[in-house]
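Read from first to last, the chains carry the letters A, B, C, D, E and F; within each, the first residue is number 1.
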Amino acid sequence: MVKKTVFVVAAILLGAFVIGAVDGAHPFGDPGAAPMDDYFLANALNDISAENIVTAIVFDYRGFDTIGEAAVLFTALTAVATLLREGRRKP
Amino acid sequence: MLGTVYTGFGYWDVWSWAAFFAIAAALVLWLRAQGREDYKEGTDQDEIYWSGNVVPEEGADITVPASSAYWGFRKAMAPFYKVLTEMHTGIGTDIVGCYVVVVALMAVFVLM
Amino acid sequence: MNWNAHLPALLLAVPLFGAFASPVLSPFGRTTRNALLAGLSFVTLLVSLLLMKSVLAGGTAVYVMGGESTGLALPLGMKLPIRIIMEVDAFSAFMAVCGTVASFAGALFSMNYMDKFTALGRFVSLYFLLTLGMLGMMITGDIFNFFVFLEIASIASIGLIAFWRDRPEAVEASFKYMLISQVSSMVFLIAAGALYGKYNALNMAAIGGLIKPGTMEKLALVFLVGTLAMKCGAFPLHMWLPDAYAEAPSGVSCLLVAVSQASLYGLMRVCFSLYGVNLGGAFIPWVIISMGLASMFFGVTMAVVQHEIKRLIGYHSVSQVGYMLLGLGVGMLVLTDARGMAEYGFTAIKGGMFHIFNYTMYKALLFLAAGAVYYATGKRDLNELGGLARRMPFTTGMFVIAAAAISGLPPFNGFVSKLLIYESVFAVHPALAVVALVTSVLTLASFVKVFQTAFLGPEKSSFTAVREVPAGMLFGMGVLTVAVLVATLFPSWTISNLVEPAAKALVDQAGYIGAVMGGGL
Amino acid sequence: MNPLSVVVRTVCDLFAWFMIVFGVNVLLHGYVTPGGGFQGGAIIATFIAFLLVAYGGRRVASRVNDRLFDLFEEVGLLVFFILAFLGLPVTFFFNFLAKPLAESAGGFIPGVGTVALMSVAVGLEVTGALSLIILTMHRGIRMFRGEDLEPETGHDR
Amino acid sequence: MIANAPFFVVGLLFLGGLTAIFMEKNLVKIAIAISVISSSVNLFLVALGYRVGGTVPIHFLAGEGTRMVLPTPQAMTLTAIVIALATTALLLSLIMLVHRHYGTLDIDEIRRLRG
Amino acid sequence: MMNSAVQLLVLAVMAVAGFFALWFKDLISSVISLAVFSLMMALEFYLLQAPDVAIAEAAIGAGLSTTIFIITIRACRRPKSREGGKEW
């Protein structure tokens, strides 16, 4: 029981630190100067004529994340199919 | 030199050690060649001496199993190993708990 | 077109293609599947060697994914990079070479080792995905991309650890690893998101250039360090590691060793390049040093009393990771102190780095040898093994070489890297070197036990039918043996050509940032 | 689960087919309206979930062919990879079909170039993968009921 | 705190999920807790990109010349959501297998590997 | 102002749903709570001007995730009622 108490206390402590880290990022609703995102907002339509900037980012500017993400999904499918494979039937 | 490493405090040369090993091996082989000449295979001389008892047929009976190796060491360190094995409970949440405790402690100390 | 510039992309594209093509090609039979596995692993190894060569000759390689040219990190009028950038300096290339050698050896070994399982097409897919995750972590320069590759690596390794899903222990080990890796990767993502929110950049070099000390940065550093230290198995966070390494198929354990080194790479990248001079005092270096000491000592003491061969080697992994954490942590301690760095810090980093190479090679070899014993006899409990030296001479020989290297017996490469670490950490405090020496002694003791009980002694009657393992497995072990012997016989060549550029690249934060940001910090 | 009422089953059946149409719409117009590969694929994959509710597990397992979804997934992944690879004379992932806004009127491939094509490819992949995950896990239930599976012996002799 | 409400809720959900991992014994409940944690991280990422008065980052819907919210966190969140689903599926399959082998869902009884 | 009031309401419902998802002992209720939580999350994403993410979260969180949870709960029942267990 002592162990469990210690863990719960540590979890609450870590949660408090997570709140701290999250609050430390920037105030909600006011990200300040955002040069990288402003570049996307300004140039996505003109450069590659994408109306939806999020899609443009997902498939072009940060396309490599997307192939990684497709690989994650593929990995998960492969792992699930491996774990729950039919295997050999009894003769 | 290909085999020399300077550590800043001294150096290490693998080829001189290789030479040392070669010389030592030659010495050992020479010493071994000086051994008794009346040793003959197939006689009682190459039997295992088992304190006068009958030697068991199965090899496993005359070897020390791995669990019994370093018996004295384990005996001497028993309190230490008791703590250590109690720590490795093997429960999944304990592993997560260790992680959470360590990260929380690090965060506490880094902010102090 | 200039293939040299595209090597970083090819390094990732080759295993990715292997993973995607394996379900299509594996119905064509065993030969096709094995050719795919071994062939593409070999191509990956070749690409990583070429990459190493080009990085050593031409400096840090920057590859912009999807940019108008490979080296155009900053678009017109921008101070920050906007696309995903692969940044390969000498350290990354060095780690990639270590990882691909282990991957190639494991692939050769797995061809015969996995024969009696079903679903081998999926095994090949997962193997390539694990390689992909490892290489991606090693060469990416983008923190969110790092997270994606971390997830690929952990999911693939979870699938592979539980590959023999009819063994309850394998499922259990896999489940425990899944729990801890999920929680910790979420913590990692919180830290990455917080860094993005404050600096509006995801590139590690860009954040490294902008970062200022503050509360949020300290918390993010702690989260990143905790997660990555867990993934490489530092002491209080190591408990999943022996289970996972012991229950995975041996060819996979060999690759998992390299994957844990990728996490170690991430840890060092975060501490040296992302934070660097803003590390905020000596606290984090001391945390890493003490984690290293604890890992070394407690890992080896747990290993001495194990009697299951792969679990014993798994605990040794914990203990060996401690050496690297110790060496690199001492280097981190004197990062801002030029005199200490010149006197002993750089030697410590070199020692830690050389130990990464040695450790990957001999630990992978040990796992493969343990797997060969298991393949031949069907037993993994040391109490039931014995007298295998006559039946399996090649396996025995390679095991002896690996065991001598890991225990740091003088002529072998393990001794050289440990010597570098001992002599340099002695300058910080003698106690560090003493713990390292005691660990080395206990390592030797436990491997004497393994060698004596498994390979020496009288033959057991149940093992009369045991044969030497097939040639593919021997060849896989042979690759690693050659690597160990090269590092043994030519330590100076290895250090000056592989290790020293990597160590220089690691401590050179300005160089890492400048490669992307164009020199202007 | 006990059989659900007829109303629920009919509604689920209808919704399942509606979801496919909606998903394809979201998938194809991802570069103009909210949506794209993942969202469209995920919406189409709920089709299987609805079918499971509407028809029950046994009928779905016997009627639905896994090969089709396997094909979707493989084709999606390979097309995605090849599209990324085709940009290689410049860089991996280079958008070699894109046109600036001024020139992008009409044409078979919209001006966004590979974004639209990759979106469709990822949509196929996500559809196949998510449907297969659900189907495989659902088949897993049956695996635990009947004990007719021989444990794999691995490689011990 | 009211102004930062989404961030606060993120922290709260993270804390709750993390605590629930230690309070619960049932494996499925632990999986639910992990799911809640990953959802909270997703909310954090999206909330990072919000700008007061910003519109959807889609020119088709927003019209010209307006102030838009940041699009990068949304792209990251899409990736993170799919990753969360993939890991959840794998975790649940592992739970099914654990239940098959051990016949229980109590995490304290799944401890054959120890010491 | 209106927007932020709605946002606070959605956040509150979301926190409550998340709390209940962790609180309920019954697994099915817990999973249903999780689905509600995911729907509220999707609504919140919509309010934060992220319709792309909202669609993905609604389809994945409320639809597919719930399905696989329920499949798992079905699979992990105690195998006592063999004759009564009609397959789902």
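The working rule: a contact is a pair of C-beta atoms (placed from the backbone, for glycine too) under 8 Å apart; a residue touches a chain by one contact, two chains touch by 3 or more.
Here the structure is a predicted model, which means the values were calculated and not measured.
Trainee: Which chain is most remote from subunit E in terms of Cα centres?
Mentor: B
Trainee: By CA centroids, point me to the most central chain in this structure.
Mentor: C
Trainee: With chain centres defined as mean CA positions, report which chain is farthest from subunit C.
Mentor: It is F.
Trainee: Going by the touch criterion at the top, tell me which pair is linked by more C-beta contacts: D-E or C-D.
Mentor: When C-D is set beside D-E, the one with more contacts is C-D.
Trainee: From the C-alpha centre of subunit C to that of subunit E, how far is it in Å?
Mentor: 29
Trainee: From the mean C-alpha coordinate of subunit B to that of subunit E, what's the distance rounded to whole Å?
Mentor: Measuring from centre to centre gives 46 Å for this pair.
Trainee: Roughly how far is subunit A from subunit E, centre to centre by C-alpha average, rounded to an integer in Å?
Mentor: Each chain's C-alpha centroid was found; their separation is 9 Å.
Trainee: What is the distance, in whole Å, between the centres of subunit C and subunit F, each centre taken as the mean of its C-alpha atoms?
Mentor: 38
Trainee: Which positions in subunit D touch two or more other chains at once?
Mentor: Each of 32-36, 38, 77, 81, 92-93, 95, 126, 130, 133, 137, 140, 143-144, 151-152 in subunit D touches at least two other chains.
Trainee: Give the residues of subunit A touching no fewer than two other chains, as numbers and ranges.
Mentor: In subunit A, the residues touching two or more other chains are 7, 11, 14, 17-18, 22, 25-26, 31, 34, 36-37, 40, 45, 51-52, 54-55, 58, 60, 62-69, 72-77, 79-81, 83-84, 87-88.
Trainee: Could you list the positions in subunit C whose residues touch two or more of the other chains?
Mentor: Within subunit C, residues 16, 20, 65-66, 118, 144, 148, 151, 155, 158-159, 162, 165-166, 171, 175-176, 179, 183, 187, 190, 193, 196-197, 200, 202, 215, 219, 222-223, 243 contact more than one other chain.
Trainee: Go ahead and list every pair of chains that touch.
Mentor: A-B, A-C, A-D, A-E, A-F, B-C, B-E, C-D, C-E, D-E, D-F, E-F
Trainee: Please give the residue numbers of subunit B that touch subunit E in the complex, ascending.
Mentor: The touching residues are 85, 88-93, 96-97, 100.
Trainee: Which residues of subunit D touch subunit F in their complex?
Mentor: By the definition above, subunit D touches subunit F via 1-3, 26, 34-36, 38-39, 42-43, 45-46, 49, 52, 56-58, 130, 133-134, 137-138, 140-142, 144-145.
Trainee: Name, in rising order, each residue of subunit C that touches subunit D in their complex.
Mentor: For this pair, the touching residues of subunit C are 1, 6, 9, 13, 16-17, 20-21, 23-24, 63-70, 113-118, 164-167, 374-375, 378, 465.
Trainee: How about subunit D: which of its residues touch subunit C in the complex?
Mentor: Result: residues 70, 74, 77-78, 81, 85, 87-95, 151-157 of subunit D touch subunit C.
Trainee: Show me the residue ranges of subunit B that touch subunit A in the complex, using the header's touch definition.
Mentor: By the definition above, subunit B touches subunit A via 93-94, 97, 100-101, 103-105, 107-108.
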